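We call the chains A, B and C, going by the order they appear; numbering starts again at 1 in every chain.
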Amino acid sequence: MLFQQLINGLMLGASYSLVAIGYTLIFGVLNLLYFAHGEVFMVGAFVGLYLVVHGGANIYVALAGAAIACAALGIVAFYVSVRPVPKDRPLAPLISTIGLTIVLQNLAVYIFGGQQVAFPETIRQELYRFGPVTISSVQIFILVVAVAAMAGLWLFIERTKLGRAIRATAENHETAALLGVDVNRVVLVTFVIGSAIAGIAGVLDGVKNSGVSPFMGLGAAVKGLVVMLLGGLGNVVGAMVGGLMLGLIEILSAAYIGTTERDLFSFLILILILLYRPTGLFGTRTADER
Amino acid sequence: MPEAAAPSIEIKGLTKRFGGFFALNELDMEVAAGHIHALIGPNGAGKTTFFNLLTGVLAADEGAILFEGRPLDEGRPSRRTARGIARTFQNIRLFPHLTALETVMIGEHCRAYASIWKALGSAVLRRPFDEAAEERRMRENAMELLAFLGLAAHANERASNLPYGEQRKLEIARALATQPRLLLLDEPAAGLNPNETAALDETITRIRDRGVTIVLIEHDMNLVMGISDRVTVLNFGTKIAEGTPGEVQAHPSVLEAYLGEGVEP
Amino acid sequence: MLHDLFDGYTRSILVFTGVNIMAAYSFYAPFKTGQVSLGQAGFMAIGAYASAVLTQKFGVPFAAALPVAGVVAGGIGVLVGFPALRIKGIYLLLLTLGFAEIVQVVALSWDFVGGAQGFRQIPFVPSILEYVVALIVVLVLFFARLERSSLGRAMDAVHQDETAAEVMGLDVVRIKLLAFGLGAAIAGLAGALYAHHATYIDSNTFNIMVAVEILMFVIVGGSSTYWGPLLGAGFLTLLPEFLRTLRDWLELVPVAWTDFFPMNRVYDFLHDALDFENAKRLIVYGIIIMVMMILRPDGLLTRDSLRRLWMPRHA
């Protein structure tokens, strides 16, 4: 029983982590709260759904399609909603992303209606037993893809030249530029990567819940913020670990305390962190103290 | 030089640590009322930290401060300002979008309104609190202070638009508006040309003549030695010399600390 | 009474606009001291539920319940304001957002106020619009006075440099708490007024989208003058309505003008395009917001444009 809850917690947490990664990456390089990121997550889910339902695609194509579509969306969003807005005005970039959120959310409602849409089965449901614990093929699939995505991202950030450039830009734009980093390109890349991963997370969520809704983005946005704070603003590894932690805490508190209270837990944790350890459990990456 | 009455500030064993680093280490010092007391020393000697401790921006780790005979232990800087301590900042901290006049009027706020409820009431219900008259009085006081510092022409300009030298003077005007009995000036001559420095010299003397005790952090030795009644020298958070300008200038530790930085023996 | 001037639908629109304007002012108050709060939706919920409980469960007349709702919200605002004192920027944003979310969760799980079913049958007050208009007039006058007073100046100083303000003798703690509590109280009043017009509220009524929209109202309207919240909330609330009526305006065009090619094609295209059911309207709404932030990031009305309106002779 406990094992089941742990698996559920990890799956939920993985979803949070994947969304929070994009959030924290973008915040790290731009000091911007990219509020529309939750909607990118939703768009990924719908693209995956569309490919499966109308294109007869298998789950891997759906995942790839969602990643590509969201990467493209990330580019468009950057050039349309983020880049043209002057950064020195208070809160203007944030408002612009809120506008984008409204556009994307209602675009989904317009195309797909306001109701939840079923996500057809794409993975043959099989149960595996290891002694007293049971795990399904769907759960294994989700966890494996999520971990692979996180591992891939971690390798990219830590081991590649572009990854280093991203980290340098997160610390300080001017210094990075002086060191020869093309800051604009770096920011664009973070949007692309963050959005692609959010798209993958969206598809995984659709598989997990067997359904997608145009309103799934808002919840993801809020939880993503909490995880971003928990892990430390701009800290990618922090976002990964923080997301898993939050998922586990939510599921376990739901199992042993009560379902509506589980959200209460997350926000209480948010407030405690803010009051007593605002740099997050693992420390922030941005040099700025805003 | 006026004979010192009761001391304005008495400091015993003042210590401030940042991690393992001692910004101030067991400092003992006295500033006589009505004096111009200079605090000098190489960069990083702990001078600005000293001001931060006096104004309550930082809390001391050890030691005691007495202001006009009573312990200075209020936690909030605004309370210490209410007691009569004002300061300027080393890297100017003006309110960028307020005009020079408004900036000085901010300084008067703590004297004009005893409590925030009075201020709110006065804002909303003009008549019973005589807000208009209060505003006019504050405005006149502020103009007087601006004129005192030669800034009257800039009254309606935004603080951030003023030339550097004028900004420094505006900081002093703002601090004076709080009606201090002790004024802490943090490098008021930094970035000023010789003419401006001479004017500053005169201004500081006139402020002292109004009955304000002044503690001055400065690197400009001509200004310091010419104007001060007493000088304290800090290095690495400890006092290495103290006395009249003449005594300090000849002190071997001081010469060593400065290694000829414009100090003529 | 204004009552009879408008039909039910128009009245509702006006009430919502008025409530949004009040919500915008509730954000503006703490913002003047530099505190960005995404929690005003939470204070609206508190005021709404407080008033609903008082009137429906305890039979308190609305005229008495309304100020109590404001005081309760304001009191909780001061409590939240304490920890908010030492937190700035994005952290404060997240703290206040967390607070609003917690209020939502409490409303969802507390059966006394309806829980998941929501709070039904809140007593309908026919003169809500009059209350709203009166309170808005009071708010505008209040903020106009505040702007030109020394307290308003002090708040500006706190906003621009908190440490310097404190060292210059301003009681920064009291100023910030006052602003925060005031904002919460105004939000509470707005929430209560909404509740007694809509007669139904639940945990989703004052959700995160509402919270961010309130922020949007003030920034779009222009955060540097006291007209900003009024303009922003009015403009953004009425915009979707305006878009809805565009097609009606189009149909007023005389047939003779569009009977021939290419005008008939243009007309048909516009007629189809302007078919603004809900989602489409909101898409345009979102686009307009993004465009506004690119073209006019300081908002509709700024200090400079206000000055230019007053004194056109000074270049």
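Here is the rule we use: a residue touches a chain if its C-beta (ideal position, glycine included) is under 8 Å from a C-beta of that chain, and two chains touch if they have at least 3 such contacts.
If you're wondering where the values come from, they're calculated on a predicted model, not measured in any experiment.
K.L.:
Sort the other chains by how far their Cα centres are from that of subunit A and give me the top one.
P.N.:
B
K.L.:
For which chain is the distance between its Cα centroid and the global protein Cα centroid smallest?
P.N.:
Going by the distance between chain centres and the overall C-alpha centre, it is C.
K.L.:
Can you pull out the chain pair that has more C-beta pairs in contact than any other?
P.N.:
A-C
K.L.:
Can you check how far apart subunit A and subunit B are, centre to centre, with Cα atoms defining each centre and the answer in Å?
P.N.:
51
K.L.:
What whole-Å value do you get for the distance between subunit B and subunit C if each is reduced to the mean of its CA atoms?
P.N.:
For subunit B versus subunit C, the centre distance works out to 44 Å.
K.L.:
What's the distance between the Cα centroids of subunit A and subunit C, rounded to whole Å?
P.N.:
Here subunit A and subunit C have centroids separated by 30 Å.
K.L.:
Flag every residue of subunit B that touches subunit C in the complex, lowest number first.
P.N.:
The touching residues are 55, 57, 76-78, 81-82, 86-87, 89, 93-98, 102, 105-107, 109-113, 116, 119-120, 122-124, 126, 131, 134-135, 138, 174-175, 178.
K.L.:
Show which residues of subunit A lie in contact with subunit C when the two form their complex.
P.N.:
33, 35, 80-81, 84-86, 89-96, 98-107, 109-110, 114, 218, 221-222, 225-226, 229, 233, 258, 260-261, 263-264, 267-268, 270-271, 274-275, 278, 290
K.L.:
So in the complex, the part of subunit C that touches subunit A is made up of which residues?
P.N.:
Residues 36, 83, 87-91, 93-95, 97-99, 101-102, 105-106, 108-109, 116, 207-209, 212-213, 215-216, 219-220, 223, 278-280, 282-283, 285-290, 293-294, 297-298.
K.L.:
Under the definition above, what is the set of subunit C residues touching subunit B in their complex?
P.N.:
Spelled out, the residues of subunit C in touch with subunit B are 142, 145-146, 149-154, 156-157, 160-161, 163-175, 178.
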